[in-house]
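A short worksheet on the structure shown next.
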Amino acid sequence: MLQALGLQAGYGPSQVLFDVNLSIAEGQVATLLGRNGMGKTTTVRAIMGLNPARGGTLTFRGEDIAALPPERVAQRGIGLVPEGRMVFPTLTVRENLVATAADRFRRASPWTLPRIFALFPRLGERQNQLARTLSGGEQQMLAIGRALMTNPWLLILDEATEGLAPVIRAEIWATLAALKDEGLAILVIDKNLSALKRLADRHHVLEKGRTVWAGNSLELERDAETVRGWMGV
Amino acid sequence: MREKIALALLFAAAVALPLIMRALDLPGGTGVATSILCLAFAASSLNLILGHGGMISFGHAAYYGIGAYTVGILWEHFRQQEPIFGLIPGTDQLLITLPAAMLTAGLAAAVIGALSLRTSGVQFIMITLAFAQMLFFLFVGLKAYGGDDGMTIRRRNAVPGLDLRDVDQLYWLVLGLLCAWLFLQWRIVGSRFGRVLEGIRQNERRMRAIGISPYPYKLAAFVIAGMGAGAAGALMANYMRFVSPDIMSWQKSGEIMVVVILGGIGTLLGPVLGAIALQGLEFFLGGITEHWAIILGPILVLVVLFGRGGIMALIRRLLGVRHG
Amino acid sequence: MALLAEQLLNGLQLGVMLFLLAAGLTLVFGIMGVINLAHGSLYMVGAFGAAVTAQVTGSWWLALLGGLLAAGVTGLLMELVVLRRLYARDHLDQVLATFGLILFFNQLMVLLFGRQPRFVALPAWFTGSVEIIPGVPYPSYRLLIIAVGLAVAAGLYVLIQRTRVGMLVRAGATHREMVRALGVDIRLLYTLVFGLGALLAGLAGIMAGPVFNVQIGMGEQILIQTFVVVVIGGIGSVRGALFGALLVGVVDTLLRGFVPGLLRGLLDASQADALGAALSSMGVYVLMALVLLIKPRGIFPAHA
Amino acid sequence: QGAPIKIGMITTLSGPGGYLGQDIRDAFQLAVEQEQGKLGGTNVQVLVEDDGLRPGQGKSIAERFLRNERIKLMTGVVFSNVLGTVAPDVLDADGIYVSPNAAPSGFAGRECHRNYYTMAWQNDTLHETAGVLANTLGYKRMFILAPNYQAGRDALTGFKRKFGGEVVQEVYTRLDQTDYAAELAQIRAARPDAVFQFHPGGLGIGFLRQYAQAGLLSSVPQCVPAPSMDSTTLAAVGEAAEGLNLTSHWNTDFQNPASQAFVAAFRAKYNRTPTYYAQQGYDTALAIGAALRQTRGSIDPAAFRTAMLKADFQSTRGKFAFGPNQHPVQDWYALKVEKVNGALALVTKSKILENEGDSYAAQCRL
Amino acid sequence: MVEPILKVSGLVKRFGGLTATDNLSLDVRPGEIHALIGPNGAGKSTLIGQLVGEITPDAGSVMFLGHDVTRASVPARVKLGLGRSFQIVQLLDEETALANVALAVQAHAGHSFRFWRRADADERLLAPARALLDQVDFPPARRAARVADMSAGERKVLELAMVLAGGPRLLLLDEPMAGLGAGESIRMTDTLRALKGGPAMLLVEHDMEAVFALADRITVLVYGRAIATGTAEEIRANPAVQEAYLAEEGA
């Protein structure tokens, strides 16, 4: 579904990604692992077109998306939960969810406000509160809800469980598993390895802007020591 | 090293300017240069709070104007031999009028700053503008000092050992004082106080969290900047031999701000280069066509679009390219 | 008493006019967060567009169209060529660039239309007057201004607070990239909204043309006042802008209408006049300073 | 023949007041062109610069003209505050300044100067004549207003100096004001016989249009000085101006040949009706030309002065002479805005003052 | 029984209809690490805000080192010995790591109304700043890098060094592990543990591994109220806490 080969990207004069390879199949959950600052977020930004790819190829559902502006990438069915939440502070919770909502692919059971509020009752209680005044965790829930409301094919979660209470975190993992069963593809970045191992089909490890390891959960178990080294654990 | 040489050359050129102008048979240029230096002076003082303290004051011309009016009013009372409020005698001695101008401007800045600094962001911009406008209309209404038409200062202030009627000497005086001010500002910016100011600009919340309340520091900087503008205004009044409320209009405040941004915010020499560029271009283009504004406007836009960080950044980039 | 009532009405009318002038700015400055000093230029372009069309065609309706077209197209060009590159930049960069635009537009108008002030006739249906207060004929064109102003206020409020376009524009003011990453072409949206702001500025210019005067530099005369209105009301709030405009209008009118008279009771005539005039000139700024000192974010801050 | 004499023209070309300077400049250059680049037989080169209505800018230009270009003869300034910075520099450098418009009281009285000439009038005279006109028209109760700046305050003082009746109320407007509803309400409430108002240029357009829209024109007539109603203002105000009374020293319908030729030439060249600013610019050129003719192109101040004070030229206003303070002594007329052949025009009605100088001449010791 | 250095009694904070801090009482003893956990939106950050002085409580009092600081300003509390880190790091982005810490040292050294002497080469500021960076194990190679170019982990550590510059008696740490990778979290835990015995800490954190590894006592906050306080074992065993907050990690 999503494939990156030899992806290169950076910020202004400085190059951060040198050779990132990544592939996610239809309905698969994949992860991006690596220490802080290795380029996980930059990879996500390159996929979204926020930091356009400077080299390599990037295809999504068979289409070359390397040169597309962010809105076009998103319109093709990628939903993003960005690092640092980035909720719209001056909009209410409800407005945050509605503003960019879309059902571009006419889903059988699209995400709606009630479904989001069922998933995160907290957001339901806080519908008319300005997002700026939400607690950290509440903002995180909102960011996830907002991405789901665009009804994507592929959901990208960049440290989406950051700052969430363990109960909620557990709930998110359960939800992601359910979404996967519905056929949604997911790319997760998270430090919670044990949960990822159970959920994901494929893992990629980044080291200084390069994919240095890729494989499924079994292989991950097998190469645990090496991967741990890369993860700095 | 390279920078030091460039700086020395620049300074030498500045000192020699009156001679160069005469050699080129353009003696009028010295006067124009003097007015540019005064504007640069005012802009530098704004740069202290704008560039280093992040305070966007849209009323800086008020202090510039107060400085100028101090010279004018003192001269008027000196001429009429009639003390102000029957107390303060007038004078035409620059050694008195200049400090007096700085003092009054500083006082005004203290009062206005104390109130304005309770707000921030766009509201701060607007409230400083509001106070400047109040002063502007106050002086428009001050019939005794010429009101809207302004007042003429028939003779420049006296300085022992100098004759300011000679434009060249006035120029050197202004140049000297501007350099002194720039040196002072350079020290301030590098000092502990300057570090705090920088910190406040970048992250006020962080400064509070390390135990610094921003308010007194901001106010102190605001007052220093006001005093600098006052000195600049006093010099301008001497050069022009004329003051009118025009000197503290919002357009003037805008012009001073534009000079800072054009030259390069938060850089020592930026405001000076900005003043030279803006006035110089205006003069140069004005000599070519009466529709100079239609050329100058787009130039300013281009500077913003392609010369991020103003003239200083452009220069740095040029030097940098040559380096590497 | 009738005088007081009339002056209040005048104040409200001035307020609505100010709102009309400030409406476009509310959109561009208040909500998109762009400091556009050249907003006044769009007002001027609209007024000139209408004046020139009126002179050529003699029709007020065509003039309306011509003015809107001129302002709208100019606004779009301004956005496409300059401003869209500055959204992510510092406010100060916006100040410098739009200052340059003011110079450019003023001189451009001189080149195109000369320096002479222009003339726009009142639309034929609004030349008369209506007696709202007995004995005081009130120009019906001013009633039209009030109607248009209130309609713009209502329309803008609904657009900003109740539609997705409004939400997206507000969202884009803080996290522009994020809006894009969620599938919205914010560049197009911003161009359109900026164009709408330009249209509103143009509309204000057209409406003001027959009452004030159409001349080079007319934009700067109202620029500061409109910023004052927006800031007093609370940046980013349509309700605030309307309220701020009404407040400024009423305060300004009453100061001009009554203060010199009151002072004359206290001081001798010439002093009273000088002081009264100075006070009324300062009035709006004193008002703004007071409001900001008491409520630093304006009367109706958008995100309270 | 030698090199041409340089004349420096510092005037206001940008901003709302820009059209005033433009008229002065265009008419001045018209006079030069009519003489094929000469004035009084001497080759001249006119350098024009825009002061932008900023005194500082005017000062810088003057400085450059004086020192770089070595210009000794200057003219052009429209506004008093710009003149305040330009004139002292010129005069101190022993240059000559001939004012086509601005004429503050200082230079007419105590601070009058041998090298300073005014070709228009002294500011106060404008308003005094309006007072005289109000007397002539039989107005007893006047409502007077002007913007709150020096020239505005002088205007009201000047008017009151000659007006014999009662001033029911005086009001100061603001220079940055665009809406006059509050003042109009006061006028309505005061029920005066007529209104005197001084709102030059664009200010006047707004005021008059709103005055008409408020329906006041039919009930309360106006009696104003020339700057409140020039031909540009008239074109911009339109119908609203009909019936307005004003005073002026000149009008487009003057019958003397010089004036008729000027109006025709100006219209032919610039395709618009000249304002009295243009006429003043033109007369300034003529006066300088007459002086140069006598001095044979010399601008030595003493010789120039002798020649200049003779005022030996065909003024567009017919009669023209300099008073002891080198300000004009001239006739003043009552004008009225009327429809002529369906179009509005300023129509000269009668002469109201003859050989009128100004009230400051006595203070001048030259 | 030692005097607590921080004593919160009856604290209340309402936002409209919502009571974010509900009659809360709590104390922190000298030298202890006191963790504060609870569901999202329980009012932890709001409490920190009130302790720091950014949010004014509606009722109740905050006593710090024997002073009533309920209404004191942020800088005043910092001067008394309060230090805090932010949920989202707050640093001077255009400065180097060293300059950031040096400024914090300067702030602690007294007032900064000194206008003449250069501060950027002042060893009286730089030497302590380097020592602090050593203390938190900030790699020397990165000390001249600008904050804007740093990774999340580096920033967190740098912020900690700045807080320590004030010689705090009590550290308020709001989610110090947020944004850190697994490895960095472990190192941050070590760094905090190494500080033990120095300043007391009030630690807000959702990373239970870190909490259980560090905390001497834990208070659980739910809907603005403290529902339990106790040692790690006690809290882990508390069924109410289990249900409201913990869940089986990774279930």
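Chains: A, B, C, D and E, in written order; residue numbering restarts at 1 for each.
One rule holds in what follows: a residue touches a chain if its C-beta (ideal position, glycine included) is under 8 Å from a C-beta of that chain, and two chains touch if they have at least 3 such contacts.
Keep in mind that what you see is a predicted model, and the values were worked out from it rather than measured.
J.: Smallest number of touch links from subunit C to reach subunit D?
T.: So the least number of steps between the two chains is 1.
J.: Figure out the least number of contact steps between subunit A and subunit B, where 1 means they touch directly.
T.: 2
J.: Could you work out which chain's C-alpha centre is the most distant one from the centre of subunit A?
T.: D
J.: So, what's the distance in Å between the C-alpha centres of subunit E and subunit B?
T.: One centre to the other, that is 44 Å.
J.: Per the centroid of Cα atoms for each chain, what is the distance between subunit B and subunit C, given in Å?
T.: From the centre of subunit B to the centre of subunit C is 31 Å.
J.: I'd like to verify one number: the distance from the centre of subunit A to the centre of subunit E, where each centre is the average of its C-alpha atoms, in whole angstrom.
T.: Between these chains, centre-to-centre, one finds 29 Å.
J.: Please set out, as single numbers or ranges, the residues of subunit C touching at least two other chains.
T.: Residues 106-107, 110, 274, 277-278, 281 of subunit C touch two or more partner chains.
J.: Residues of subunit E that touch two or more other chains: which are they?
T.: If we look for residues of subunit E contacting two or more partner chains, we find none.
J.: Among the chains present, which pairs are found to touch?
T.: A-C, A-E, B-C, B-D, B-E, C-D
J.: Show which residues of subunit C lie in contact with subunit D when the two form their complex.
T.: 2-3, 6-7, 10-11, 13-14, 17, 106-107, 110, 114-119, 121-122, 129, 136-137, 139, 141-142, 208, 210-218, 221-222, 252-254, 256-257, 260, 269, 273-274, 276-278, 280-281
J.: Which part of subunit A faces subunit C closely enough to touch in the complex?
T.: Touching subunit C: residues 48, 50, 69-71, 73-75, 79-80, 82, 86, 88-91, 95-96, 98-100, 102, 104, 130, 132, 146-147, 150 of subunit A.
J.: In the complex, go through subunit B and note every residue touching subunit E.
T.: For subunit B paired with subunit E, touching residues are 187-188, 190-196, 198-199, 202-203, 205-213, 217, 220.
J.: Across the complex, what residues on subunit B touch subunit C?
T.: Listed in rising order, the residues of subunit B that touch subunit C are 50, 56, 115, 118-120, 122-123, 126-127, 129-131, 133-134, 137-138, 140-141, 143, 250-251, 254, 257-258, 261-262, 265, 291-294, 296-301, 303-305, 308.
J.: Note which residues of subunit D are touching subunit C in the complex, please.
T.: Contact set of subunit D toward subunit C: 13-16, 18-19, 22, 148, 153, 170-174, 176, 178-179, 181-183, 185-186, 188-189, 201-202, 205-206, 209-210, 213-215, 232-233, 235-238, 272.
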